[in-house]
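One chain, chain A, appears in both complexes that follow, with chain B as partner in the first and chain C in the second.
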Partner chain A sequence: MGFYEKLMSLDRRWVYLCVAIAVVLPFLLEEFGVPIFIPPYITPEVKSVYNFVEKLREDDVLFLAIDYDPMAKAELHPVARAVLKQCFKKNVKVIISALSQNGPGMAEQLISQTAKEYNKVDGVDYVYLGYKPFPALVIMGMSQNFKLFFPKDYYGTPLDSLPMMAKVRNIKDTKGVIDVAAGSVADMWINEGAGRYNYPLALAVTGVMAADYYPFLNSGQLFGLVSGMKGAAEYEYLMEKGGYMKKEEFDASRGMPIQMFAHIVVILFIIIGNVGYFMSRRKKS
Partner chain B sequence: MRRQLPILVVFISGIFMAIQYFVPSEPAEFVQEYAMDWVIVIGVFAMGLGLWSLTKVNWIKVQRQTPGWGYNLVTILGMVFMLVVGLIWDPGLGFFPGEKSQVSGTWFMNFFWYIYLPIQTVMFSLLAFYIASAAYRAFRARTILASILLVTAIVIMLRLIPLGAVSGINQWLANWILIVPNMAAKRAIWMGVGLGMVAMALKIVLGIERSYMGRD
Partner chain C sequence: MSLVDFMWMSIGALLTLFTFSYLYKDNPFYKFAEHLVVGVSAGYFAVLLYYSSFMPKVIDTVFRPIEWKYFILAFKQIKPEYLLAALKGSQWWYLVPGILGVMMWTRFSRKLSWISRFSLAFYMGIGIGASIPLTLQNYVLKHLTSTIQPVNFTSLTGIWRLLIVILVFCTLVYFFFSREHKGAFGASAKVGIWVLMIAFGAGFGLTVMGRVALLAERVIFLRDYWVELKYFLYMLFKYGMLL
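Now for the complex of A and B:
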């Protein structure tokens, strides 16, 4: 086998090794005091979500849907955290649900940690509804009346007794919805929620899902779209510029070098494979 | 009668649900809320059925000691363990009301954080390795169409990483791909799917499609 043929048929273990090095290297560089930070290019769809929250006033209510499992935590947790921080800092009240079956505990930890950071009180500054099965029905139910599916909050407190819920009957009484989702729940928010009950909706989805939602962005059914860790890094960058976050608090931005190195390795391997293919074809002809 | 009655129920409820969607009035919402309760009740039974089915399938394999029966045993034990732990500590259903199973520090959540979460994240992370290997083997510019796919994949991949000064140009190109050809294809597919769903729903409501009743 010639050199170019070898380039075309490298053992997959070499690919795995290179990806592993690409993933570990940024960690090591950071450990040795060489952090890599390249300011992200801010896309209009992320800026639109940031500006929406930015325009909210004190005591306005935002609905944050945390609809992802632990497997999407690395990509989506940073944006959920960033939105919560922005709201809490601006004294915007937040109602949160978690309609992914493995997500409620993870969401609870995020909410309680962030609330503690900003001295926010459960039931007064935020309400965590938790999980109920059949997301499409729950979304329709919450769009009519929160108490239909959540007579009590996640901690077992009746919604009627929560001061924050006194003036809020359903999602239409909030300023809008930001859904952080990995999976088909995002479609349900578009079809059964915003599409039917007509409230502003933005999505934060994993990188691979983003392409599916650009048509909705273009048609105006979504007012913003945060895609994957890159989108979260953009949001964090905007948060830093707006004075809501310090660089040390960055989460997605710290993951970006890893994503960057891994993507570059994948692209390099694609190039290597194609160089091998073209050169061996030229040699044969 | 055994066949006519279900068809009649499906016809009436199907027509009603279709009409109420376009009539946002209080009575329509009341009936819809009522229907939602029904779905939840049916769903609860489905959950019980799922638990029973999972236990039965795995238990048969354990009993017969088919190859890999150890994994089936782990599935059953894991399910029973989490059910017991969750039910004991759950505020609503538990034997010790007042304790909260799904807040940090409880057994249920410790198992979630230290066993379930690492398993899921590791499984998802492995994708990076497989995707890298698959991309290396699959993305070859053998034809014009394959070359277009290759270039598109690289542009979209580069969109997900910060590239400094080049980011703007790449972002513009990636956005064009997402908003023009991607959107055209997606819309065509979704419209096709949507029309297919409407046709299927009509067939069910009108009693033409009856496979949901089992064998005739």
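Now for the complex of A and C:
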């Protein structure tokens, strides 16, 4: 077997081993006193989401939809946390729902931790609605009246008794929606939510989904898009520049050096694979 | 970090390593982790559905407000006025979707599975009725409008808009199979293939990025666990020496 044939039949476990070494490399460099921080290039679609929250005034209400479960936590948790922190720091009130079936507990943990950090009170500074099945119907319902699907919040308190909900009847009474989503719920927010009831909508989605949602950005159906861990790192960077976050609090940005090294390995293997393929084909012919 | 948190973190780290072990080859540790995730997810969802949907919509709304004293009397003495009094506070019409839900369970029986079609038809009817006009508006018309924008040759944006229209047209030509892809028509189809490849490439690149992000988060988690483990072992050693 020639060299190029060997390249073509390389055991995939060698690729995994190389990726494993690449992802450990940033930590090793950190141990030896060479921490790597890559300042991200800020894309206009992420900046647009940040600016939208930035322009909100005290006591404005924002709707934050946490529509992902622990499987997408790596990519979406940092941006959900960052938006919450920005709102709480600016004293913007937040209504939160969690329409992903395995996500309500995780969302509650995130909300209560962040609220505790900023001394925010449930029902006064934020309201967590929780989960209800069939997201499309729930989104349509919340666009008309929160109480249709959520007569009580996640903790069982009637919405009527919450001071924050006195002036808010439906999503149209909020300044807009930021949907942090993994899966088809994002489409439902576009179609059955903002598309039908005309409120501003931005998405934060996983990297796998991002390519599908850029057309919605160009058509004006979305005012912003945060895609995957890279988008979250951009958001964190903007937060740091705005004085909302310290570098030590960074979450997604910690993963970016790992991403860089892993991508280099993946690109190298793609090149090696292609060289092997073309050379072995030439040899055969 | 409390000891309880550390224990949970240890379980998480162990399950992560079990899952990664699949990269070498399939093994019982991986299978255990996989089955655990599926089982826990299904169990969590079932309990969540019961408490977020069935309990407030059926139990609390239909059955809890019923005056059972009058209800029993109504059947004992066969007096409809008692039945009305019993059901006064109950929103009994919520039973209709409840029954539709129960009808779905007939799918478990070969003989009775036809009953579930009524529920499915009802659900699909609502879904399709609500989404077709919206889908046409939000996925077709709005995208058509944003594809065909005013073109000009004085700015890069204007030229870019023309390019978008041409490339969209070429992509559509590729999917037109009623005519042989030859000559100018074939050349347009070839351009269409390139456009599709660029789109797939972007999708693939973002998918790789997403998957690596998941790996990065797990690696960070394992690294944080390693720091905690070192501290835990140090404390254990320190108190062990003291004792």
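Convention: the second predicted complex is superposed on the first by the 273 of 285 C-alpha atoms of A that agree within 3 Å, B and C clash if a C-alpha of one lies under 4 Å from a C-alpha of the other, contacts with A are read in each partner's own complex, and residues count from 1 in each chain.
As a convention for this text, a residue touches a chain if its C-beta (ideal position, glycine included) is under 8 Å from a C-beta of that chain, and two chains touch if they have at least 3 such contacts.
What you see is a predicted model, and the numbers here were worked out from it, not measured in a lab.
Of the two partner chains placed by superposition, A:243 touches none, neither chain B nor chain C.
In the superposition on chain A, A:218 makes contact with both chain B and chain C. Shared-chain residue A:274: touches chain B; no touch with chain C.
In the superposition on chain A, A:190 makes contact with chain C only, not with chain B. After overlaying the two complexes on the shared chain, residue contacts for A:102 are found with chain B and with chain C alike.
By the document's definition of touching, of the two partners only chain C reaches A:27; chain B does not.
Of the two partner chains placed around the shared chain by superposition, chain C is the only one that A:255 touches, whereas chain B remains out of contact. When the two structures are aligned on the shared chain, A:144 is found in touch with chain B, with no touch to chain C.
Looking at the shared chain after the overlay, A:39 reaches chain B, while chain C stays out of its contact range. In the superposed three-chain model, the partner touching more residues of chain A is B, compared with the other of chain B and chain C. In the three-chain superposition model, chain A touches both chain B and chain C at residues 16, 19, 23, 73-74, 102, 104-105, 130, 133, 137, 140, 196, 207, 210-212, 215, 218, 227-230, 259, 262-263, 266. On chain C, the positions that touch chain A within their shared complex are 23-24, 41, 44-45, 48-49, 52-53, 56, 126-127, 130-131, 134-135, 137-139, 142-143, 145-146, 199, 202-203, 206-220, 223.
For chain A in complex with chain B, the touching residues are 10, 12, 15-16, 18-20, 23, 38-41, 43, 69-74, 102, 104-106, 108-109, 112, 130, 133-134, 137, 140-141, 144-145, 148, 154-156, 196, 207, 210-212, 214-215, 218, 227-230, 233, 256, 259-260, 262-267, 269-270, 272-274, 277-278. Chain A makes touch with chain C in their complex at residues 13, 16, 19, 23-24, 27, 73-75, 101-102, 104-105, 130-133, 136-137, 140, 151-152, 190-192, 195-196, 206-208, 210-212, 215, 218-221, 227-230, 254-255, 258-259, 262-263, 266. Chain B makes touch with chain A in their complex at residues 21, 29, 32-33, 36, 39-40, 43, 47, 91-92, 100, 102-104, 108-109, 112-113, 116-117, 120-121, 123-124, 128-129, 131-133, 135-137, 139-142, 150, 153-154, 156-164, 167-168, 171, 175, 178-179, 182-183, 186-187, 190.
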